[in-house]
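What follows is a set of structures for review.
The two complexes that follow have chain A in common; it is paired with chain B in the first and with chain C in the second.
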Partner chain A sequence: MALATSPPEAAEAARPDRYSSDAAGLGRLRAGVFVAPALLLVAVFLVFPALWVLYLGLTNYRLTGAAAAAPQFVGPANLIEAVSNPEFWSSTWLTVEFVAGSAVIGQVGLGFTIAWLLRDRRGPLKRLVEGLVILAWILPSAIVSFLWVALLDRDAGTLNALLGIQGFAWLLDHPMLSIIVFNIWRGTAFSMMLYGAALGNVPPSHLESARLAGASGWQQLRDVVFPHIRGHILTNLLLISLWTFNDFTPFLLTAGGPDGKSEVLAVHVYKVALQSGELGHGAAVSTIILLINLVVAVFYLRLLRSKK
Partner chain B sequence: MTRFVLGRIGFYTLIAVLLAFFTIPLLWLVTAPFTSNPTYEVTVPDFTWDNFEAVIEHPYALPSLYNSLLLSVGTAVLVVIMAALAAYALSRVRLPGRDALLYALLLLSSIITGTAAMVPLFQLAVELNLIDSQLGLILILTGGLLPAAIFMLKDFMDSTPKSYEESARVFGATPLQIVRHVVVPLVRPGLATIAVWAVANVWGNFLMPYLLLSDVEKQPAAVITYTLYTEGGQANLSMLSTFGLLYSVPVVLMYLFVSKKYGFRFHGGIKR
Partner chain C sequence: MALRKRSMGVVAVLAATGLGLAACGQSSGGGGDAIELTITQNAIAGGKNAAGADFITNWVIPKFEAAQKAKGKDVKVKFIPSGVDDEQYKTKLSLDLKSGKGADVMDIDSIWAGEFADAGYLKPLPDLVGADADNWDGWSQIPEAVQGMATFNGKKYALPVGTDGRVLYFNKTLFQKAGLPADWQPKSWQEILDAGAKLKSSGVPVPIQINAGTAMGEATSMQGVLPLLAGAGGEVQKDGKWTGASQSMKDALGLYQKIYGGGLGDPKLQQEAKGRDKSFQQFAAGKIGILMEGDYFWRGVVNPKTGVAKMADRDQVVGYAMIPAMEPGKGIRGQDFVSMSGGALRAVNPNSKHPKEAFELAAFTLSPEGLKEETKGGNVRITPRTDVNKEILAGEPLLTYISEKVLPLTAYRPPVAVYPQVSVALQEATAAVAGGTPPDQAAADYQKKLEGIVGGAGNIAS
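Right after this comes the complex of A and B.
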């Protein structure tokens, strides 16, 4: 995870003559030409939408009718409507549950546990466990969410058969729990790989001396391992929280239902904007999401910079 | 000694539980396609190929896989070319404001998601006449993946030596020739990683094609799968499971190939 900016900054500055006649004779002008196509696409399809959503949230833009062709500026009306909508607050709360349950507790906890269990192992068992966890992560979300629809089915689902119970409708009676467990299943691979790499960097000699000093397994974890990988834990927490916060996959499992009981914010935006057709209102909710993303991302980047 | 034995028992119990947790949901996908008239129940298959025939005859199933291929390969090609050129220039030339630019790119790529940009991207597609345009979708997906790709590739290029390029220049090679014949071979593993990452990302992407492609003949497999299981309330399970398997196999093969060739070390801002 070495997202370095540029390593030999000092060396380059010390030799200003290489500045103008750079490695491949790539003058600044030509470098600009190399960078331009990428920047153009990013500007049109990423930066512009992010800025434009701020404006659209202040209009009465709709999917159909007169306001579809010529949306009018209405000021903060949508924002006020959004935050006075009880569904917005229930969605926010469900999103907090989703992030806390599946990302913070689930993926960090399970990802670390698997990495720790397999830390000193090589061979088929390690490959099997890791392969399966990664498989859950790389399979298309439309497929794996349907696999869980089958697994959790009330009448013929494998889970009820295994538990020996009948007629328990997981997706209808416990939609959030289903989605949280599903997301732990689907998303743990990233944390597992990150902690696997991080544990490989803990100096074995530190663990060895702790063991010789009579530290128990838990003490070794608490006093040697956790302090050493604290940066990784924080990075991991921020990244997967951000991803989970923006994850639209719950829509594929429950479509937000029943009765909005699993309508996380990502699904809420879709429902308000594209199903109800109130695009301006949806854009206002997106603005809030964008601001929350910004705060988390800034924390993440500060963390990356401070680690260097 | 007892402690050791208990430890071993605990270890294997935990591993068994983990294996069960990660395997059981997948069982249906590998049994139902080979079963006549599958239900949600996991049963021992009777190894019929009828379901595969039904998928082949389905008017949208195979074309949607082709659409997925088109979208993901198209996006990957654009991402690799543009990111390689940009990362190379940013790695080798000190453009004014370069560090700020990279920082801004990384920030943007992590905060602007489908959820945040759903409405403006939809409007943009409407205004530019890109609804139901696969090329338009490819451009939108490329724009979303480029910042992270540039970041990862620049890191990669920073760690390759500059001396080869310098000697190529002494022999009169133009910058584009140098990129093609000197830089590309050096950073090939990095380019391959980015390409695979982009393909995997687009192959599984649901939200953007679902929003922007309403013509069923242009929709990729992710959208077709979803419409197959929501349409009419009663899902056609033999079709769905078989199609799901066909849709899953390419990413599994790709993963096996990548992990064999490069070792599977995907970190950084990767996924989704």
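Right after this comes the complex of A and C.
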């Protein structure tokens, strides 16, 4: 058997490779050591609870009663019950309305508009507008929700007093509209700040060129600004869509009422899991929500990647 | 291990749904030689059930600690206040108990006893504290019906805190304007509707308020559909069978339709998250003519001194009457008048490190001296003990009235674990009717839901 021998040059050439491969291995080990605590935390606080919820969704586990002491495996019964429940579908539809209305159209649209209008401004007006918008974002949910409940109250509400009308029950007659407007008001600050920073990166020379070429305002936005900040828009959409999807604030405003007309999915899960005590059923609905969130995330990430 | 798994399950559900409901009750620690005990109620100084919170803080704790010290024991007691909706309080307690924690002594609604016992959250008192539980001298002073609220499967799980009764409250000033008598006592539902119509024509914004819907929670069942059902001759459960879409259920829901569909009640009030609190405020402000409520309304809501909707002229303005059956003699047991009663229990947490001392603390709060102290200064309530009730209730006409006239004809909810789910289904039925669904349809929907809760049509009376 002939032994394959390497010429001396090849051996020489291989030496640095071996060296670099050792170094890379050491580097990977070092990186692994540094990353391990974070991975452990992710595993403990994200992966394990998620897997546990998947498992719970397959049991009849309850908050009280005999099934709390001895839960039994029921397979996909909870999932079937969840999707057979008309309340689940109405909650899903209300959540779509909530996300589309307040996050996609409201916060993105309004946040961008404010950022665009304030882009070249300095002085007290800009500070005032920014301050007012950000105030809503930095206040705790419970406090701003309480303020809105007081503002929209049909008997003693400030809004009815300002409009000079009596007995109009905003939260009862138009619960989703009230919640959507609330969420736009509350969440627009984040989008505004993000777009403010993004617009600062649009080269003024490009806009100037477009202006000189006779482009209208809309054409400047469409052909110069949006392509530049496309990544920011998609990242913002992803973040605020997921936040809104999981937002529990509607509970503080209406508790899901009246008659489930504002029972978005986050509230639906709370109602099923903790108010009714059906933890297994609630876990099954949570699993569905997780899947929907994953689909939404993948969709946005694909859009982001398609840019490259 | 099983317990730990269950605890992790709760954490997992909360983490995955992004809900941060913190379980704040802590079991006693027992540092050094001192025995540390905690006691919790849905009561908070300056807020909900403030008088109860003040009683525990200002009387029970110092007196109990002193009494224990006299016996040579160093005991420290801490009160854990709470001022939330009863449903939220129940969720918090359940989570505390599920995770093996919670206050050593806790007040619960009597209808939670079955669910909590089935879950292993409560243990029979003799199992926890031995013979002391059976030998407590207070038992001989507590009527059997009241003891029954703390009894599940033949075993005592807690100490009863008291009982209550339901009546129709009315505003005498509004009644006078509408030409109705100050000593009003309707003898049928029609007479209530007639009074409502007169109040309406005299300009009263909300002539009648009978709790409906899920936003009111158990208040809808206790101060709404259950007394009406009893008035129509029905019981939510009888001889092990549940009442479905029976005629009595349709009649009870029919009254809701006449009130909320006929402009005599405010259906929106039934849908608001804080609708019950708002109804209290409206009654106190003279906007509601007739309100069906428990004696808590008199003691804790319109109480001139400690109420959440104080009425300085309560004793002159607020009248009360027994709840009539649909027609004379048509109520349960052939009665002319009906009521529902409930009550709270004071339970010892099986997770307590010092169950014997915890039981002593619970019993101490229900000593004759404790009850007399608690009910001082206008904070009168019907206590569980007959040996002090007469003295306590003297000079308190409403509670004497309830004690003497209402309690003999009252009814209790079935002490079974599944009742709270049935109650929610009842609340949904009333919500549907207040929202415009015909009573027959709402009753049929209720029966369908009931079948799923109680294990099929075989458990429902035909």
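The rule is simple: the second predicted complex is superposed on the first by the 254 of 308 C-alpha atoms of A that agree within 3 Å, B and C clash if a C-alpha of one lies under 4 Å from a C-alpha of the other, contacts with A are read in each partner's own complex, and residues count from 1 in each chain.
The rule is simple: contacts are C-beta pairs under 8 Å (C-beta built on N, C-alpha and C of every residue); 3 or more make two chains touch, one makes a residue touch a chain.
Small disclaimer: the values here were computed from a predicted structure and weren't measured.
Once the two complexes are overlaid on the shared chain, A:I138 sits against chain B while remaining clear of chain C. Residue contacts after overlaying the shared chain place A:V129 against chain B, while chain C stays out of touching range.
When the two complexes are overlaid, the chain among chain B and chain C that reaches more residues of chain A is B. Of the two partner chains, chain B is the only one that A:L151 touches; chain C does not reach it.
Once the two complexes are laid over each other on the shared chain, residue contacts for A:V269 go to chain B and to chain C alike.
In the superposition on chain A, contact is made by A:G282 with both chain B and chain C.
By the touch criterion defined above, A:S90 reaches neither chain B nor chain C. Of the two partner chains placed by superposition, only chain B is touched by A:L239; chain C is not.
With both structures placed on the common chain, the touch criterion links A:L56 to chain B and to chain C.
Touch criterion met: A:P258 reaches chain C, while chain B stays clear of it. Shared contact residues of chain A with chain B and chain C: 45, 48-50, 52-53, 56, 61, 155, 246, 248, 255, 266, 269-270, 273-274, 279, 282-283, 286, 289-290.
Here chain C touches chain A in the complex through residues 6, 8-13, 15-19, 21, 87, 91, 94-95, 98, 112, 115-116, 118-121, 213-215, 268, 271-273, 278, 417-418, 421, 424, 431, 435, going by the rule given at the top. Looking at the complex, you find that chain A touches chain C at residues 45, 48-50, 52-53, 56, 61-66, 68-69, 71, 154-155, 169, 171-172, 246, 248, 254-255, 257-259, 266, 269-270, 273-277, 279, 282-283, 286, 289-290. Residues of chain A touching chain B in their complex: 1-7, 12, 19, 22-28, 30-32, 34-35, 37-39, 41-42, 44-50, 52-53, 56, 61, 113-114, 117, 125, 128-129, 132-144, 146-151, 153, 155-159, 161-162, 185, 190, 193-194, 197, 239, 242-243, 246-249, 252, 255, 265-266, 269-270, 273-274, 279, 282-283, 286, 289-290, 293-294, 296-298, 300-301.
Chain B meets chain A in the complex at residues 11, 14-15, 18-19, 21-29, 32, 39-42, 78, 82-83, 85-86, 88-95, 98-99, 102-103, 105-124, 139-140, 142-144, 146-147, 150-151, 155, 158, 162, 165-166, 168-169, 175, 178-179, 182-183, 200, 203-204, 206-207, 211, 221-223, 225-226, 229-230, 240, 244, 247-248, 251-252, 255, 264-272.
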